[in-house]
Amino acid sequence: MITFENDYSCGAHPQVLRRLCETNLIPQPGYGFDCFSDSARQKILAACGCPGGEVYFLTGGTQTNAVVLSSLLKPWEGVVAAQTGHIHVHEAGAPEALGAKILALPEHAGKLEAAELRQLAATLLADENVEHMVYPGAVYLSHPTEWGTLYSRAELEAISAVCREFGMRLYLDGARLAYGLAARDTDVDLPLIASVCDAFYIGGTKCGALCGEAVVFPRQTPPHFINFIKKHGALMAKGRLCGVQFDVLFTDGLYYEIGRQGVETAEKLKKLLAKHRIPCFMDTPTNQQFAILENARYQALRERVPLSFWSKPDPEHTVARFATAWYTTDEYLKELDQLL
Amino acid sequence: MITFENDYSCGAHPQVLRRLCETNLIPQPGYGFDCFSDSARQKILAACGCPGGEVYFLTGGTQTNAVVLSSLLKPWEGVVAAQTGHIHVHEAGAPEALGAKILALPEHAGKLEAAELRQLAATLLADENVEHMVYPGAVYLSHPTEWGTLYSRAELEAISAVCREFGMRLYLDGARLAYGLAARDTDVDLPLIASVCDAFYIGGTKCGALCGEAVVFPRQTPPHFINFIKKHGALMAKGRLCGVQFDVLFTDGLYYEIGRQGVETAEKLKKLLAKHRIPCFMDTPTNQQFAILENARYQALRERVPLSFWSKPDPEHTVARFATAWYTTDEYLKELDQLL
Amino acid sequence: MITFENDYSCGAHPQVLRRLCETNLIPQPGYGFDCFSDSARQKILAACGCPGGEVYFLTGGTQTNAVVLSSLLKPWEGVVAAQTGHIHVHEAGAPEALGAKILALPEHAGKLEAAELRQLAATLLADENVEHMVYPGAVYLSHPTEWGTLYSRAELEAISAVCREFGMRLYLDGARLAYGLAARDTDVDLPLIASVCDAFYIGGTKCGALCGEAVVFPRQTPPHFINFIKKHGALMAKGRLCGVQFDVLFTDGLYYEIGRQGVETAEKLKKLLAKHRIPCFMDTPTNQQFAILENARYQALRERVPLSFWSKPDPEHTVARFATAWYTTDEYLKELDQLL
Amino acid sequence: MITFENDYSCGAHPQVLRRLCETNLIPQPGYGFDCFSDSARQKILAACGCPGGEVYFLTGGTQTNAVVLSSLLKPWEGVVAAQTGHIHVHEAGAPEALGAKILALPEHAGKLEAAELRQLAATLLADENVEHMVYPGAVYLSHPTEWGTLYSRAELEAISAVCREFGMRLYLDGARLAYGLAARDTDVDLPLIASVCDAFYIGGTKCGALCGEAVVFPRQTPPHFINFIKKHGALMAKGRLCGVQFDVLFTDGLYYEIGRQGVETAEKLKKLLAKHRIPCFMDTPTNQQFAILENARYQALRERVPLSFWSKPDPEHTVARFATAWYTTDEYLKELDQLL
């Protein structure tokens, strides 16, 4: 059985699982005070080039976004995001459940544009009625975006400059960051992200872990952040579970290797789709590919291989998402080739 | 190195871990729609004697309490709990963060009394100012309690009767349920809990899993419960992680076996404490033992073996909690014997 | 001194104030259980043609929108509104503070279009990921809109039909309803509003009262609505304050008369602007007129008469809002004529 | 018709109403930027001896408590209050609706004791598990209390010292402050309250206004407080309504005169109850008197004069609250004398 439905269809990367087995019976304190979490934190901060920062482990993306944003925002502030941002579309209102309004901007291949962000902030803060409005307190980016696209270094720096100009905190959702870091022509790496962002998370769930996301505050952690985690039900008793996993992921470059596997397979997948004359909705450099299929072909294919419905560009066609990951072997592609 | 600090100091029960390894590369849908979660759900409902019920998996206790209570309560209602209830004392305000006021009652060895619950509900609902007050909409029990004590069948039935009389939902926090079910003289089992409660959870994190709690709605699930889970950041992408674990825990009686191990070790621990003339604060039938130590002895001991501070019964003494679990072997006790 | 800054610049309509004086020393129960509130409720329900409905008095528009919407929405639902809707733009995040996400649609002269609403609801509810999204639970309309425009009977009926089709509740913000009911060519009256809406409010603050909005549930009131009011700090101890005022407003057609005064003055104002060759941004039939002024003229005028800044259609021009009300006499217009 | 049901049974003190009439047609800006609010703010700050402070007007007590406390508390903090505190008992969960947990302490004639407060704060902050708990961030006092009792200067200073020691903010609910300031033997005045509290409110609704409470921040206002007001639906468009009223209340000592009237009548009422051999539940120096009546006598009396049910000290007796106010004339007492 193969699947392209998403990048969390299997368990953990074998090295992650092996390490969980090795460490299983070593007693450790709870709540992230274990030695594995300590080690993982050091390795992550080193990889990000911000040894003075702090790292916290949470279990999932929606949770992480909600908890971190609520810690970054003042009660009179909201968060700017692209119309297609995960927090705006696919989190069941989790940010709003913590009181955070989302100030939506147009998306450009899933991305925010610095100029539009600047315009929004300048207009809002100059509005005579601003006390009746929600202040732009933070900016949410996803990298890779929900469309699998990537910001360039220049784009991130431009957005960061707008954030500094208007006192907004910059937050980056890296649910699929491994695949972003491994893309062919990207000029964005962890130290850059750490230098432009006030907070970001390095995704584990979609990049080789059983569960877990590593939140990084490169320079300054919101006060009492651990209380935010606990208050929102996100503090794991067995913090070691995330600690052990991220410790492996950031040993000997495993996280990058996982990203590389996903992206290479996606590149092969692109060629396979082209071979079968299936156009893509847009060119994306990471592990998600969006294919345009006639409705009948989509339905037929879907019965034989799990895919994700994405959108309807017109009544006759369907955009289907094919996701690859560390577990998507060449066997998967071979079998897909026969099914297409 | 040994520890009695808590019951989540090691990883997972070896059988749980083994099954995670075996199933690791079998692709499955996300969000709990995997075959392992399905299987686990069936086994849990069978064990609870409520085949028409529903089961959902969440990752931790505080999260589970907050999400389930918020789904059980109407906006004008709060939840009754003992003064010592975990939700009232050790969840950093998580229930209140979802708008739920806790109506605290006195505790009796960590337990609520049906008569006092009845008095509270009757008084509140008869109050002429009730529209300015918080209605008692649900009752929170922990079993075992925070003091390691257990309700009897008769006590649970009496509380359940009060709940039915006043239209309150009954919710039971089973973070350490394995140890409660395995206690020597208990007459409470899963089918009883399922018959008296509107919702409860079977703890995994403290009973052999890496993480995970199984929420059971024996008869009726709150509408759109999955949205509550997602909205509060508690929906796992890799739902299989909990599914696989609970599937093992409820195969061939492993969950009960884990409880038995913890309780038997606790009984041996009791004898060891007695041998060293260390009195216990109260007699508890489960895996937590609360020893009264002179302050100096407590400090000295603590430097050599991890324990939990519990309380100060008087200025000269400290109550320390010793927790056992599935991983607390006889070696642990032998080493403790030498340290005492 | 004159003002066109808004429609809440003076106190109360003299008849309202007179009645407050007359009734001042008649003791009455608190919290809306007074005889004046009773009388007002009867008169309002009669005017709306829904004698079986219920009426509650709150103090302000933002409060009313937040409390009523939170009572209409289930925890998994949000509210659809136009991009320009007051709840989306000018309430400082009050709906989100109660957990309600706003699903924004394009605006057409401040109005929602039934076809776009239908499209949104149909798309959302058919989405395979809907459990990760916010359900459209209610629709927010303002009538008059923030641009002073009005829905027609046909438009309201079309929107109402979409709401019924998709199980959404329809809520209408009538902050300036008096001026809407008094517009020249409108075919919308209170009985129509009561027949198409699940809840709406009849604005007092901007229509002759010192404060106060009358919430009408024409058919069904959300359970325990009074608890919602109290829980959100909106229950007045001296409920009589709103009761007395709305009792007068709905005696002998005063509410309509107030609307008529505001609209007639606005029509004269339109002519005055035309005489001075000042174009309007759009043609609006109610008490708000939006004039396009060169920036310098706007600044100069504003120093002599209070106006509201509205927007910048281009760098050289400013849209200024002129609001009339029951207190905007011909003297006001005469003085404005000289200032223009 | 007479009433002793509460202190908000009539409209406004005649001087307040007269001034509302006089100022009715003077146009003013909205949202508290009117000249009347400015004047009232100056007079209140002068009366409090804190000219550098700030004053904001809200409409009711529950709203004020919720908004101010939410602005004083950090997300990881809760508020300490007496078991009988209004916020804990009679606000339908309004503080919790904004996420604020109440840490309840025993009451002593409705009051907190400094020593118990100190013990709570010291214990909580020294707890090894404090990150899993709610920090004590603020202290809530009511003065007069719900039992009509008063703190002494020494008691307030002791509580304030504890607050400073542990970094807690002190907040005082002065819903009935006029009657507290006018009590015979009190040594508490506005400057003392301003010197010991970080925030407090001077009640209007129960002390002569149609509605309105004046929040005073004697030294430091929480940042963006006006956004808190707006976000929680408490910002009045016609801010002048509160401004005019408080301007009168703080002109020529009217607020104190209103208090004096209420207290003097309460003293006469005490004598009247004594004459009829009706004991009081406790001796209270303000405008609320709590009489113990046999049940039958209570029922009979209540049919002839509105009273408030308070509690059942034993099955045969009822405690009834008699409230006096500025409108409780000697005629009221004469009529009551005949009814007793």
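Chains: A, B, C and D, in written order; residue numbering restarts at 1 for each.
We take it that a residue touches a chain if its C-beta (ideal position, glycine included) is under 8 Å from a C-beta of that chain, and two chains touch if they have at least 3 such contacts.
Treat the numbers as computed from the prediction; the structure is a model and nothing was measured.
Hop distance check: chain B to chain C, minimum number of steps through touching chains?
Minimal hop count between chain B and chain C: 1.
Give the chains in contact with both chain A and chain B, ordered by label.
Under the touch definition, chain A and chain B have C, D as mutual neighbours.
Averaging each chain's C-alpha atoms to get its centre, pick out the one most distant from chain B.
C
Could you grab the centroid distance between chain A and chain C? Build each centroid from C-alpha atoms only and quote it in angstrom.
Taking the mean C-alpha position of each chain, the two centres sit 41 Å apart.
Hey, how far is the Cα centre of chain A from the one of chain D, in Å?
About 50 Å, centre to centre.
Could you tell me the distance, in whole angstrom, between the mean C-alpha positions of chain C and chain D?
33
So which stretches of chain B touch two or more other chains?
76, 91-93, 97, 131-132, 227, 230-231, 235
Which residues of chain C touch chain B in their complex?
Going through chain C, the ones touching chain B are 70-71, 74-76, 131-132, 135, 223-224, 226-228, 230-231, 235.
Taking the complex as given, what residues does chain D use to touch chain C?
1-3, 5-6, 8-12, 14, 17, 20-21, 23-30, 59-67, 91-94, 97-98, 205-206, 210-211, 227, 230-238, 240-241, 244, 306, 327
Under the touch definition given earlier, write down the residues of chain B that touch chain D in their complex.
76, 78, 89-93, 96-97, 99-102, 104, 128-129, 131-134, 309
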